[in-house]
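What follows is a single structure, written as structure tokens, with notes after it.
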Amino acid sequence: MSEDQIKNLEAQFEARIARDEKIEPKDWMPEKYRQTHIRQISQHAHSEIVGMLPEGNWITRAPSLRRKVALLAKVQDEAGHGLYLYSACETLGISREELYEQLHAGKAKYSSIFNYPTLTWADIGTIGWLVDGAAIINQVPLCNTSFGPYARAMVRVCKEESFHQRQGYEIMIKLCEGTKEQKEMAQDALNRWWWPSLMMFGPTDAESIHTEQSMKWKLKRKSNDELRQQFIDQTVPQADLIGLTIPDPDLKWNEKTGHYDFGEIDWNEFWQVVKGHGPCNKERMKARVDAWENGQWVRDAAMAFAEKEQERKEKLTNKAV
Amino acid sequence: MSEDQIKNLEAQFEARIARDEKIEPKDWMPEKYRQTHIRQISQHAHSEIVGMLPEGNWITRAPSLRRKVALLAKVQDEAGHGLYLYSACETLGISREELYEQLHAGKAKYSSIFNYPTLTWADIGTIGWLVDGAAIINQVPLCNTSFGPYARAMVRVCKEESFHQRQGYEIMIKLCEGTKEQKEMAQDALNRWWWPSLMMFGPTDAESIHTEQSMKWKLKRKSNDELRQQFIDQTVPQADLIGLTIPDPDLKWNEKTGHYDFGEIDWNEFWQVVKGHGPCNKERMKARVDAWENGQWVRDAAMAFAEKEQERKEKLTNKAV
Amino acid sequence: MKNETLYKYILSIADNSLILGQRLGELCGHGPSLETDIACTNIALDLLGQVRSYYQYAAKLAGDGRTEDDIAMLRNEREYLNVLLLEQPNTDFAYIMARQFLFDVYHVLFLQELQKSHDVTLSAIANKAIKEASYHQRFSSDWVKRLGDGTEESHKKMQTAINDLWVYTDEFFHLTEIDKIMVEKSIGVDVLKFKDQYYNRVNKILEQVTLIIPESNYFLKGGKEGIHTEHMGYLLTELQYMQRTYPKMSW
Amino acid sequence: MKNETLYKYILSIADNSLILGQRLGELCGHGPSLETDIACTNIALDLLGQVRSYYQYAAKLAGDGRTEDDIAMLRNEREYLNVLLLEQPNTDFAYIMARQFLFDVYHVLFLQELQKSHDVTLSAIANKAIKEASYHQRFSSDWVKRLGDGTEESHKKMQTAINDLWVYTDEFFHLTEIDKIMVEKSIGVDVLKFKDQYYNRVNKILEQVTLIIPESNYFLKGGKEGIHTEHMGYLLTELQYMQRTYPKMSW
């Protein structure tokens, strides 16, 4: 293809996106579009499966059968999200194995929030409430993103995430209605998860890269800071409602802007965790790599068996013929 | 050596034993004496180290700091017993590694009692009270056995075992003085450990082998059944004293014999466990083999380091010269 | 308690599903693939769903204010009545699937009979649960076959798992005093009825993939009488942690 | 509580020994040799002995009827004040010895200072404990050297352990508000005083056996404020099991 032809294709491509048409896997797309989507969708998929770990940590210790069942179902949903996000990613010409390798080699990222430990039962409520809450704010706009398989996956993900978010908040309500110990547990969890949750929206706009291109491709519709503000404005009243205090002395309602002002985020902590030195980065990666490596013989066996079955079937067919 | 010479040596040897002289490792001894002692001493050593496992199972869950410390110390004593019994055995010309190999390959035995699980805290008391109690009855006569290193090891072992036995009984006293739940826990443990404890004295005399030879060498002074009777006669009043019921409906005092009559032992269970099919045989062996295999690199490193140190020392000496 | 025998009988059924569900819950996020993770979680969810129905019924019978959670999480080890097989640890995926398979075949046969119980609640629970159990059986049989007839390594691992867990299968067919009374009253299941069928089904699958059927005259039991293996205590420390640490709270 | 600051300060010392003692207790019977088993148990025994003295003192200060065991075993996770290093699992013998070594060097330096405390009880406990800690330090340093300069495999394992645990060393030198008040009152130890000495000692041993001193600007902390790692919860389920399950009983 000549450079002109490519330019032409690109122009048509951008026009389609501008018209809100969906790009499908078989369609022509610029290599950068493909790469960016592989990176973002896989990062999203990895986040789902790494995200199973902190919550999975409380399955055996859930305080009631009802909560145990709900938590199991939630973690299972995350595995499901991982599954269809990996599938969406595979339509771009990369295998799940390759994506895993990138994760295990530390080349691919996942959401930093999952590098914090779950220390009490209230953390499970808080993750649902804050972490899923933040995720939804990040993800809802993606239901209309330009790449079809990703957009469709996100519709389903967002629906389930909302359910998880409500379920998490309900755990918190219950704790806050409970004994002094339970309420303290809830407050303590909020104290520990609040700031990491704000960091989920990424660096401030001033420091953020890729934004312009992502806006054009509808991978992003609002800036990090706008989304963060939206999250804060939405969450503060929820905390108030159940009598929890946001651990930010600078937080206050600003009549003029119609938003909450808030304190300075500890960006040192943010970068420490992003760079792999958070409280659980090593454990999370070890858990994933161990699961993968310990499962190798199982996957090999399944493959070998499937091949044998195929052979048996073929023999049978040949005989029949 | 001619046959006559050997017979002569054997006669002298038996005479020494008959005079209660101790046989020392450097002394001449019949091969059968050596083999029998290797078998018995190593079996005893193995019992000590396998015996660490059921009790070790409660170290992390001991109910108080005082009990945790006492239990740790007890298990440590058992490791110590293992250590000097292996040493006594090594004087007969076999290495600790070989002895371990025999154990791990299932060729050497250890006391079957340790193939029962410790299920509650009361089991720790019961093991001290009954199992150590039975062990002492088996072992006290060995303090005067003919083979010097074994006899001397047994003096120390028996002293510590008595301490453990009292400590175990004291745990039971405390439970029986406690709440209804605690007393039930004590009774339940007695119910589960009573019969296996009786089996510690081995098959009935009618079924027992090796006894005559062992009597001569003072490896044995009383028959299995006599020792078992002694144990029962000693233990029943101890149970009465703290209000526990021996789980044997046929148990009753026999005025005529001056002993307790007791019910039939389930010899099927005895042989099942001896043959390796008891509740924990597999787990115990796995724990030992795992410890040994996982420790290989550590022992290798220690050896390599020691050699390097030696070389360094030699170099230094050579330089000095 | 008026219906103490029935109450205990219910626990002996429910505890099986609880303990197996707990073991499967440990795995979540650590399986060999996302698909197996999801499937194992599904099984755990089914089992715990059944568990809740059973314990809710037991709680009603107890009538002393105890809830399903009190019954599930506040008994002492000696009061749990599950068979020993189900508390065995997640040694590797072969053990996990062998344990599941050896249980599922039993579970389906058991529920088939329980459907006929004169106790309508038990019969209704069984009626719902059997569909789930049949699915579990299909899943675990498939994996026994896959691993048994996969690679040399997987065959060896599956054989080891079957050998090690085999000693616990006979306990399914050990009738406790409670079982006998319940059978008498046409509430409980006479497990001996389908013992041959159980081993036939199991053996058929094993033979199909050239796994050797263990020959042993020695079996282990005790769980049904509340005498467990040393693994159980540790499982309970986690299962009970919250209920023990924060007594009488609502979550 | 009148002396709440002192009380918490004592816990922050005692919890270190308790949690490390608990970790060592898990090992008993599973070590690479009888000799190491005995030595590790010895260390656990020393630590738990110290622990008892500290908690008995704390119980006296609390004066609310709580015993050493209540304090040791009936707090919630957030109330344990040990540093994160000591709750890290017994991954392998290299980790166990590296963890021990990194603590022992600190412990000796800490107790040296605590001996000078104006609180006579703490000073007396320190006086006794320092002899034990010095022995531990000798033992663990020897093993760091042995594994560091043993085989290629052991060197690699020891380096990995040091690398992974290094991030927890800085927490020793993090002064909490309680620490500061106690230093102020000449009761507590100003750990910053011997920070350089600590790293000098540690580095000297590591260099001696060509282990690379990790260079990291990132450290982890939280334990001193009761914010632990995910390992802690599981450790506590076992440590607390009996006290939680059978409350208010005497053993």
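Per-chain numbering from 1; labels A, B, C and D assigned in written order.
Convention: a residue touches a chain if its C-beta (ideal position, glycine included) is under 8 Å from a C-beta of that chain, and two chains touch if they have at least 3 such contacts.
Given the structure is predicted, the values throughout are model-derived calculations rather than measurements.
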item	value
Any chain in contact with subunit A as well as subunit D	C
Given subunit A and subunit B, the chains that contact each of them	C, D
Chain located farthest away, centre of subunit A as origin (C-alpha)	B
Chain pair showing more contacts of the two, B-C and A-C	A-C
Computed distance of Cα centres, subunit D from subunit B, in Å	35
Distance between chain centroids, defined by C-alpha means - subunit C, subunit D (Å)	41
Touching two or more other chains - residues of subunit C	76, 233, 237-238, 241
Sequence positions of subunit A contacting 2 or more other chains	61, 181
Topology of the chain contact graph, where touching chains are joined (line, ring, star, complete, other)	other
Interchain contacts (touch definition) - all pairs	A-C, A-D, B-C, B-D, C-D
Complex contact set, residues of subunit D against subunit A	76-78, 164, 167, 216, 218, 220, 222, 227-230, 232-233, 237
Subunit A - residues contacting subunit D, complex	54, 57, 61, 117-120, 181, 188, 192, 272, 275, 277, 279-280, 282-283
Touch list for subunit D against partner subunit B, complex	22, 25-26, 28-38, 41-42, 44-45, 48-49, 51-52, 55, 68-69, 72, 92-93, 145-147, 149-151, 153-154, 157, 238-239, 241-243, 246, 249-251
Subunit C contact footprint on subunit A (complex, rising order)	49, 52-53, 56, 59-69, 72-73, 75-76, 79-80, 82-83, 86, 121, 171, 174-175, 178-179, 181-182, 287, 290-291, 294-305, 308
Complex contact set, residues of subunit D against subunit C	76, 233-234, 237-238, 240-241, 244-245
